[in-house]
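Structures incoming, each one as structure tokens.
Next come two complexes, and both contain subunit A; in the first it sits with subunit B, in the second with subunit C.
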Partner chain A sequence: MKHLNIEQKRPRIAVFDFTGCEGCELQLANKEETLGAFLDAIEVINYREVSSEKGDNYDVALIDGAITRPDEIERLKAIREKAKVLVAMGSCACFGGVTKLKNAYNLDEANREVYGDCPKETIPTMAVGDVVTVDLKLPGCPVSKDEVERVVQHLVWDLPLPTYAYPVCLQCKQRYTVCRFDMGELCLGPITRAGCNAPCPAGGLGCWGCRGPAENPNYEEFFALAKEKGFSEQEVKDRLAFFGGFEDVL
Partner chain B sequence: MTTSGKNTKKINLNVDVHHLTRVEGHGNIRVRVVDGKVTEARWDIVETPRFFEVMLKGKHYTAAGILTARICGICSIGHCLASVRASEAAFGVTIPEAAAKLRLLAKHGETMQSHFLHLFFLAAPDFLGLTSAIPLKDLNPEVFGIAARLKKLANDICDLVAGRTTHPVSLQVGGVAKMPDRHALLEIRDRLERSVPDLTATVELFKTLEIPEFVRETEFVALKGENDYPFIGGRLVSTDGVERDESEYLAMTNEYVDKNNTSKWAKLSRESLAVGALARLNNNYDFLNDQAKAVAVELGLAPVCHAPLMNNVAQLVECVHVVYDSIRLIDELVDSGNAETMAPVKPKAGRGVGAVEVPRGILYHDYEYGDDGRVVRANCVIPTTQNNANIHYDMHALAEQFACEGMTDERLELLCSMLVRAYDPCISCSVH
Partner chain C sequence: MLFKILSKDGFRSLVEIILQSNEIIAPKKIGTKADGDPIHQFLPVTSFEEMDLDYRTTEYSAKTYFLPYRENLCTFDFEADDWEQKIAYRMQPRAIIGLRAFDINALTKLDKVFSKGRFPSPYYISRRKNTFIVGIDREPLEDEFCQSIGADIVTHGFDLFMTDLGDRYFVAVDSDRGFNLLNRVDVREVTDEDTQAYKEVRKRIQNGFKTKINLSNLPNLLDLEFTSEVWKKWGDKCLSCGSCAMVCPTCYCYGVSEEVSMDFKEGARVKQLYSCNLLDFARVAGGHNFRPDQETRLKYRYYHQHRGFLEDYDEPKCVGCNRCGRVCLAGISPAAVIRDLYEENV
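Let's turn to the complex of A and B:
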């Protein structure tokens, strides 16, 4: 890839899937208006969902999914050893995601309920960071392709990495979305990290907090607001637990 | 490709694929041929289970669709639609007519998104001798451009109607949260019309692809069309003549556990069954619109077709159908103005089933609710779960057909991989 006739360095990227819906991986093939440029800027070493190429000489490992079986721990550790930079991509990789909701149930009983007397191997869900060191977290369910692109831009052109200290609320204001609280709904927008461009409130659904907490969220004020609007403690707790990003306040 | 049928020379073959590429999720292929005899031919799912049915227990009905969308990153709209339909059946809610149209439009967007992803990015590279569609960007920028434009159009429909392509937000129990902006709908309509040359070029491309000849008689299960090509709800039908009500889906799926698979297997009148685009088309060909039928004729696809690799062609025929049907739906939605899109919802104890034709076949969600609107028991039966046993038995028949003189390990591996990819399996979905 050349810009103004100067060869650019192309980061060698590998994508690996663990336990999840592989929706984050799919995002990498979306945003088609820049897909060609995105693929030009990187070298795809591994991307099982889309390519049969396989290799071990990658610099960046994008990890999709949570860890729920012993063989995944071993696989993840081997990837960590090879990768210079390991990125947890999406809420499952960053926090355990919805996959972590199973930890609230007895796993032997869960196995019996689904598989009867032929149980399958499973362990309590862990985030990628519970197993190996994570260099960069890109939470979201699914991950924002825009943020993945900005990581690539950082690697190629040294542009700043995406950081969003402020909450989703601000992005709703930016796009003139009517506040879901004013519509009588619960919304985690005041405490959830922005960067998604707030599609859920705009689509008629309060925020479920898939990106985890913003910087220094004002929990006290948020809990007071939820209570004042008539939402029970259980409702708020259910919502905070959904994607696994708010464990610290549960 | 030619097949010589019976072996003229004893041959030994060995295929071992760990984590097949260009499919969603993790599955393995293993084929052994010793002295011209197939001693082993397996398709095994090794995906990690997530226990969604257990996680649903105790969840409020407003969370069920948001949670189950996460079963699948490719067909999240289909999961959400089956989920809200099951909840509405349990509560006795009838959604407004405009909401039903919007849901079908979102479904069409997903059908296009998933089929185009599969046709161009997952299936086509095998036919073109490539390891992925990425090199097409430089080798054949025209085709790469067509794929990108069609996929983008599909994703934009989902964004507009469902609020987001992956993991929708506007599809809720009671209907759809909002009516999209009229001008945005008309813009999509315009782009749908302008996509016809890209569609035509895609048909021309697929006409040049040589599809390996492999036929195994199969029972195909789908929704039964009454007046239209069916996508959301209705009676269930099989090409072996079984017919059931939506709520009797368990009689169509008969799931059981196989010791080598984390996905269950399913059967009906035979040892296995198939669902998906080919199954829908085989059961509902007459309801395709004229443009889609013309493409089916052009590509040599007629019901009942028992060639699993023709599922690729069936997906393309469906893409043509949904493009034109989306135009029709947008016209009707624009005419309906600012129609109501949400019905009031009052949860009550009860059970409901929602059946939806998602890209890979018929999907069922079945929920039992308590009076508090929280799930007591749930069951989800996934299309790929219903296909896995059929792929497994296909693999044996395919190995037998092709285990003849001149066959190599590499060639057989490609044929087995193409067979699996033709089903467009959604493996993490099938294990959920």
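Let's turn to the complex of A and C:
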């Protein structure tokens, strides 16, 4: 493909799933209006949702899911060695995600609860970055396809990567949403990183913080205001723990 | 200024005449808060009944009908080895009905920046010129301090401005098109009795202001209190969320970025409103941040409102609507911050 007479790079991309719901991978195949163009812009090396091709001559590895078994550590390290760019995609890969909730329990008990008499080998849940070096994090549950597209555009045309220092509230306000606090509900928007375009408050649900903390969030004030509005410390902590992004303040 | 008396039926006819050919934006009730307060927003309406001119306030101002949160400044088509730029800022005429005096004053402040300033914005001018404005007076809310700023009375910047006299409206006419439209409905000249009734309503409104701030020496005070602990006291609370600037009728800061379509065949230059309270507002290439802490950012927000703008345009930027104070989850409001500065409450 040529643009402005320049031959366009086609990044060789592979997608790998670890422990998670695979929702992020499905998300990559979403947004039908640009799916054709998206797949044209890249070379799919390994991505089981859209192609049976398998190979290991990829440059970019998109990692979906958290690390919860010893064999996953080995597999992830091998991928890291081959990939020039490794992207942690989604909240599980970036923070550990929902599966990280198990770390609060005794692992053997958790194992029995889920697998009964056929326990599986398991370790405390880790984020991808706890095991290997991550070049780029795209938090979100699921990952935003828009953001993945921007990453591809960065790889192809060197367009700047999206960055959001500010919290969800800004994008929430830009949609004229009625604040969930005004409706008597809790919302993590004031401390959570924007970039999702605040779909949850707009849909009538407070933010659950799937994108993790904004840059330098004001936790102290947030805890104070949540308390003042009548939310218990436990309620706030449970929500902060949900996607694993707020470990530092728990 | 020209004044007329418009019957309530006449007003309904006027709205219906506009609706025949133009879009109308007006306060509309969209829900109820947990505490029982109604929620109103400026939204397109399709009938007279949909408007609720008795609204108390709107969380969002109407500024985004002039400065949208997001707009394309231009688009690009990439074709073979060439590209074409397209700029489009024409819009269909429309009317906004129900703006309060301070919201119209907010527009006249934006006019100074975007119509009469050093760098006029055709995007803004096109929207402003093509918007017919009908304002309406009412008694102030407890926390509004527009009177202290002198923004509770409006003398220009609108087409029609109405004061409700019970069974009729006292209408100030500020444009030819307003005059012409009025003449198509049931309108009559003002009598002494009308003037008397108008003065009484104005007096009631004028006496209704509960929140006052002292502006007399504020610009100097701000200079003197540059290092005041008051900034830290309030800055420590700031969540750097930008909600205040988003709902403020006069905040106009923005960022510009370029976006490219996934097939790399089209691009757009996008303008998005921003806020000086956001952490990276003053971050520059190379990573240096001129305003790295909350306290400094909050301070400069007040400096722009009450000092910097004044220096350029001889009036504060703030109109005293207190939308920012109401929206702030951290409870930061101009009246409280400014009072603390005067009283050195830290």
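Criterion: the second predicted complex is superposed on the first by the 247 of 250 C-alpha atoms of A that agree within 3 Å, B and C clash if a C-alpha of one lies under 4 Å from a C-alpha of the other, contacts with A are read in each partner's own complex, and residues count from 1 in each chain.
Note that in this section a residue touches a chain if its C-beta (ideal position, glycine included) is under 8 Å from a C-beta of that chain, and two chains touch if they have at least 3 such contacts.
Note that the structure is predicted; figures quoted are calculated from it, not measured.
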>> In the superposed model built on subunit A, check whether subunit B and subunit C fit or clash.
In response: fit
>> Is A:81 touching anything from subunit B or subunit C once the two structures are fitted on A? First, second, both or neither.
In response: neither
> If you stack the two complexes on chain A, which partner ends up touching A:38: first (subunit B), second (subunit C), both, or neither?
Replying inline: second
> For subunit A, which side has the bigger count of touched residues, subunit B or subunit C?
Replying inline: B
> What is the angle, as a multiple of 10 degrees, that the CA centres of subunit B and subunit C span when seen from the CA centre of subunit A?
Replying inline: 110
>> Is A:173 touching anything from subunit B or subunit C once the two structures are fitted on A? First, second, both or neither.
In response: second
>> In the overlaid three-chain picture, which partner chain does A:7 touch, first (subunit B) or second (subunit C), both, or neither?
In response: neither
>> With both complexes superposed on chain A, which partner does A:158 reach: first (subunit B), second (subunit C), both or neither?
In response: neither
>> In the overlaid three-chain picture, which partner chain does A:216 touch, first (subunit B) or second (subunit C), both, or neither?
In response: second
> Closest Cα approach between subunit B and subunit C after superposing, in Å?
Replying inline: 11
> Where on subunit A do the contacts with subunit B and the contacts with subunit C coincide?
Replying inline: 40
>> So in the complex, the part of subunit B that touches subunit A is made up of which residues?
In response: 19, 21-26, 48-51, 53-55, 57, 59-60, 63, 66-67, 70-74, 76, 117, 121-122, 125, 131-134, 137, 144, 148-149, 151-152, 155, 159, 162-170, 172, 177-178, 257, 259, 262, 428-429
>> Per the contact definition, I'd like the list of subunit A residues that touch subunit C in the complex.
In response: 1, 3-5, 8, 34, 37-38, 40-41, 149, 152-153, 156-157, 159-160, 163, 165-167, 169-170, 173-174, 176, 178-179, 181-184, 189-191, 214-218, 220-222, 225
> Where on subunit C does subunit A make contact in their complex?
Replying inline: 30-31, 33-35, 39, 41, 59-60, 69-70, 78, 80-83, 236-243, 246-247, 257-258, 260-264, 272-273, 275, 278-280, 283, 294, 327, 329-331
> Can you name the residues of subunit A that touch subunit B in the complex?
Replying inline: 17-27, 29-30, 32-33, 35-36, 39-40, 44, 47-54, 68-69, 72, 97-99, 101-102, 105, 107, 109-111, 113-116, 118, 120, 122, 141-142, 199-200, 202-205, 208, 235, 238, 242
